[in-house]
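Next come two complexes built around subunit A: one with subunit B, the other with subunit C.
== the complex of A and B ==
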């Protein structure tokens, strides 16, 4: 159905979730979401809206206000945010749309709705200190470089510190992958 | 007597005029650039050179802004130096600038009616901006015409008429109340006319008011009482304006007082009669916007001022066969058979014997100025078929005000309107869980009203906020086209609503379906998400358009003031004279002039009151001598002019030799000229626009210009 049934959404919030979606998103860090007046400044410069993603910042905020939630779970938009932060720079109401996008990611992780790429990025961050890690030791060796890049990846101390940080996040409770 | 004074003036003038007019006219022509306004289209220098050659013109000059101090000084100097004795200014409209140049002439010692203006800006430069050659040509013609008239100008003197110091205020809403109080406190006698039994208007129906959410009754009732207690205010409620004659300073007004069938001197407002009026006589209660019913005998609302009962004779069922206008029947045992209301009245105020007078009694008053504050009404829901108007749970926002008001049909308890009857019967009434608001219902619409009703956004947010604060579990959805919260402190309402979790959805509702149990299915569109939305609601509130109150058109005709295409009263100038009308001495304020909120209405009311004060406080009024004069020797007494005069300034009188002649009251004449053109004997002359002057102007327009 292409029609959004507001009565259903409200009932679902009350009975199934026990909380308004907007409240959950506020608790996940987007405290100012209710200040949004749908002016659209954030969407005029958002790489997601420009490149044609469905639930870019302004629409996501409105959807959350109406009580949409599970409807976002199949959508790649929140994970596509490149965190450029331009939306927060231009917002006249200090809504911080970027924070809304990330609050939605947090909600999705909480609900174990994690796209494989996101999970892979997390695992890679934990293992190598890089969200995106290119496995190219042979090639590096062949041109006379060290097997590992001169980053956290090759710095045992730094990597250990990073893992301590990650072990102190919700990752430890969620158990998405073993934190060795 | 202004009449004799004026005649004396004229006699003096005739002699004086003769002396001056024997002097050959020496005309000075002053062409204004008006910055680029004229010079941008008209070749000013060419016009000046042309003017120089016209007969009797001794000087022609041009200047960037003739109306500026240095511009006026040029004219004054030429007069003082004895160079000129007539002035022609070719500039803008005399409507705004003639007084300025007249004052300049007067200051330099020249009779100010020796001035003539040629409007080469509004009707020439502006109108022919892209045809510069033709514009210049037209400017020449206009100047030639003005010069031709200037040669024949006669000196005139201003006259003065006494002004009546009483004021009529029409409409007893918040605007009328404030205008009356300000005037009364300044010492003017005020007649406040209100068509309903009580003053208070629409504001009395409101629960809380934006901004700052004051309770409407708390701030309005003391003012109403103040009106009633003010010795300078004569309160005429349940009355309407019947006719208006005369003009500024001297209006004669007839007020029709509707028959109440209750002696208001005796009525104490106890309400005993109301409780005994039978169910059969119940009709929709106007004060509660039809949400419940009232009896045939009723007091408009609990805080009514005056708190007096009236009988709605159309609703009365004539209990016990008790007819109006007749003495009561007598029973076999000799007792009078009275209606319950009569029996219940402890003071004998119920006057059913009184002869029926459907026209009501007429009260004649004289006033110097009039303020029209007739307010507004909201559009009925019946026009909007797409919103299921037949459902009792689709209501207007004003009905919602009544529903949440402590004096409303449910004593302020929020219930669905379809259960009001149940509530009154003491049964369990359903409380709404969802309320939907729809904005711009009939406003910003080509089908109904093209204007924005201005107050709806604010009262919707106000009501929503009020409801959500009192009933936190209530779900409220407001469908907007645009949220317009303009002005100081107003956007706080929008923010507060959002913080309270009230849904504000951009997009209008296109349809409402009725569901079982008087619930409603609302079909809207969220233009931010770009999808249709639907929801079930218990109440739908329509923010229906603000309209001029009933009878506005008729009243405007009686007063001789104009209404705009939208039906509201038209102000003299939308920016500079917002409370004045084109009829001098008649002022407007509040929603009669256009939709506005309480702060703006009060501001306008006070502006109108102060305009009246500055008009009347002088006591006498200067009147231009540009009026008609009747030559009794030429008058044949045919009487054609008498009924034509819109100001009733002409009467046909028999004086000497029992000869019938037309006589003109200069205090009433406005110089419109209707009588002048109608007179078959050419016996009437209009000063400032004589036949000779006008014909000379026409002649000047027919000259061949050198090309």
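== the complex of A and C ==
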């Protein structure tokens, strides 16, 4: 882990990165990030900080405020967030640290920093309408159900509808995978 | 007759369809009709559209909710991820006018709209609030008298309470699942790691080791404080994680005692007399011994 050079960062924050990162994060949905007072309520109950991830909520917010950006991209923490929302429940300033985590994911994706599992899930959502998709239907048959559930899996028209929706999102700009 | 749209999600539809069977058996027995909600998709789960695009997340969720709205019914789910993704998207849509407009713009491309009328409910709340503990007790063929249950409500059943359809009086001291379990005759005491994360989902796919550590500390607490005969959860993801991680911990010598894991709807279905092979037939940590014990103790 690197030591944060506050003087350097302050200078840089003034110049180029500082505003940019926090502004982008706000634009991506974490509107209230600037209200954070670093009290630590969120990190005291965050499964990521408890299990030892580097950029857990409180620290991530501080890093963003300081204007860090590239430093986040080598670390998987935001992608480990389980979206449990304990943080937003206890935040006394309505920061909604969960939104910060997910806004960071939305920024990371722009730089193609997305774990293969998430990319696969996205692709599967587009292909089948299900993030988790299992070809083998032994399990369904064994318990006496139709092989295909009554979802996009058995309804071509519905799957096409879903794909039209997905083509009208940022997915089309990002080009993570071809949207056929 | 009250009717709900049965929202399946991915894990239940493909990995644990015995949970789907349980829902299809239990609710009609209480006079609740289930609509197939034909054409539903993934909620969408956290690693997909919520990580990409706020509008995209809400639009996929709104399409699912609109399937219910068109029929004038709410959705019902046994998966905490589906519950929270759908609830949070709905909350955002209804509290942000711009987002509401953008989402409906996207939906208009497929000739749909979502007005926020339909919502998603969790099976535990429908059982607790609408059906009620007394009616549940009346329907039991088998009881869990003398057994001890460690409950796992799961994160997304509890927080953020502001967006969820229904909330515990104190989300950090949840009692709904404990009460539901005690209605079956078992003891379901508080334990210190009751609300802890099981380590499933993104945490597990990012770091299986760290996820396993979280599960390990939960099992320790369950073993020492509850001396549980079974673990019961209201979340399909927690169920899979707690079921599978016991075998991983066992392999590295870090698990004292295996404890069978059930979704609440499954253990209820068994107690109501439905075929255990169909309603609780899929697991890794064996459940047959405890199921036999339940069926014997009539």
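We adopt the following convention: the second predicted complex is superposed on the first by the 149 of 180 C-alpha atoms of A that agree within 3 Å, B and C clash if a C-alpha of one lies under 4 Å from a C-alpha of the other, contacts with A are read in each partner's own complex, and residues count from 1 in each chain.
Convention: a contact is a pair of C-beta atoms (placed from the backbone, for glycine too) under 8 Å apart; a residue touches a chain by one contact, two chains touch by 3 or more.
Not measured: the values here are computed from a predicted model.
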| item | value |
| --- | --- |
| Three-chain arrangement built on subunit A, subunit B and subunit C clash or fit | fit |
| Partner chain in contact with A:158 - subunit B first, subunit C second, else both or neither | second |
| Contacts of A:22 with subunit B and subunit C, given as first, second, both or neither | first |
| When both partners are placed on the shared chain, which of subunit B and subunit C touches more of subunit A | C |
| Touching partner for A:150 - first (subunit B), second (subunit C), both, neither | second |
| Computed vertex angle (subunit A) for partners subunit B and subunit C, CA, steps of 10° | 100 |
| First, second, both or neither for A:34, with subunit B first and subunit C second | first |
| Partner chain in contact with A:52 - subunit B first, subunit C second, else both or neither | second |
| Partner chain(s) touched by A:175 [first = subunit B, second = subunit C, both, neither] | neither |
| Smallest separation in angstrom, by C-alpha atoms, between subunit B and subunit C in the superposition | 20 |
| Residue ranges of subunit C in contact with subunit A within the complex | 8, 10-11, 13-18, 20-21, 36-42, 44-56, 59-60, 63, 84, 106-107, 109-110, 112, 155-156, 158-162, 171, 196-197, 199-203, 205-207, 210-211, 213-214, 277-279, 281-282 |
| Contact set on subunit A toward subunit B in their complex | 2-7, 10, 20, 22, 34-38, 58-59, 62-63, 65-66 |
| Subunit A to subunit C touching residues, read off their complex | 28-29, 47-48, 50-53, 76, 79-86, 88-89, 98, 102, 105-106, 109, 114-115, 117-118, 121-122, 125, 129-134, 139-140, 142-145, 149-153, 155, 157-159, 161-162, 164-166, 168-171, 174 |
| Subunit B to subunit A touching residues, read off their complex | 434, 475, 477, 483, 494-495, 498-499, 501, 503, 505-506, 526, 528-536 |
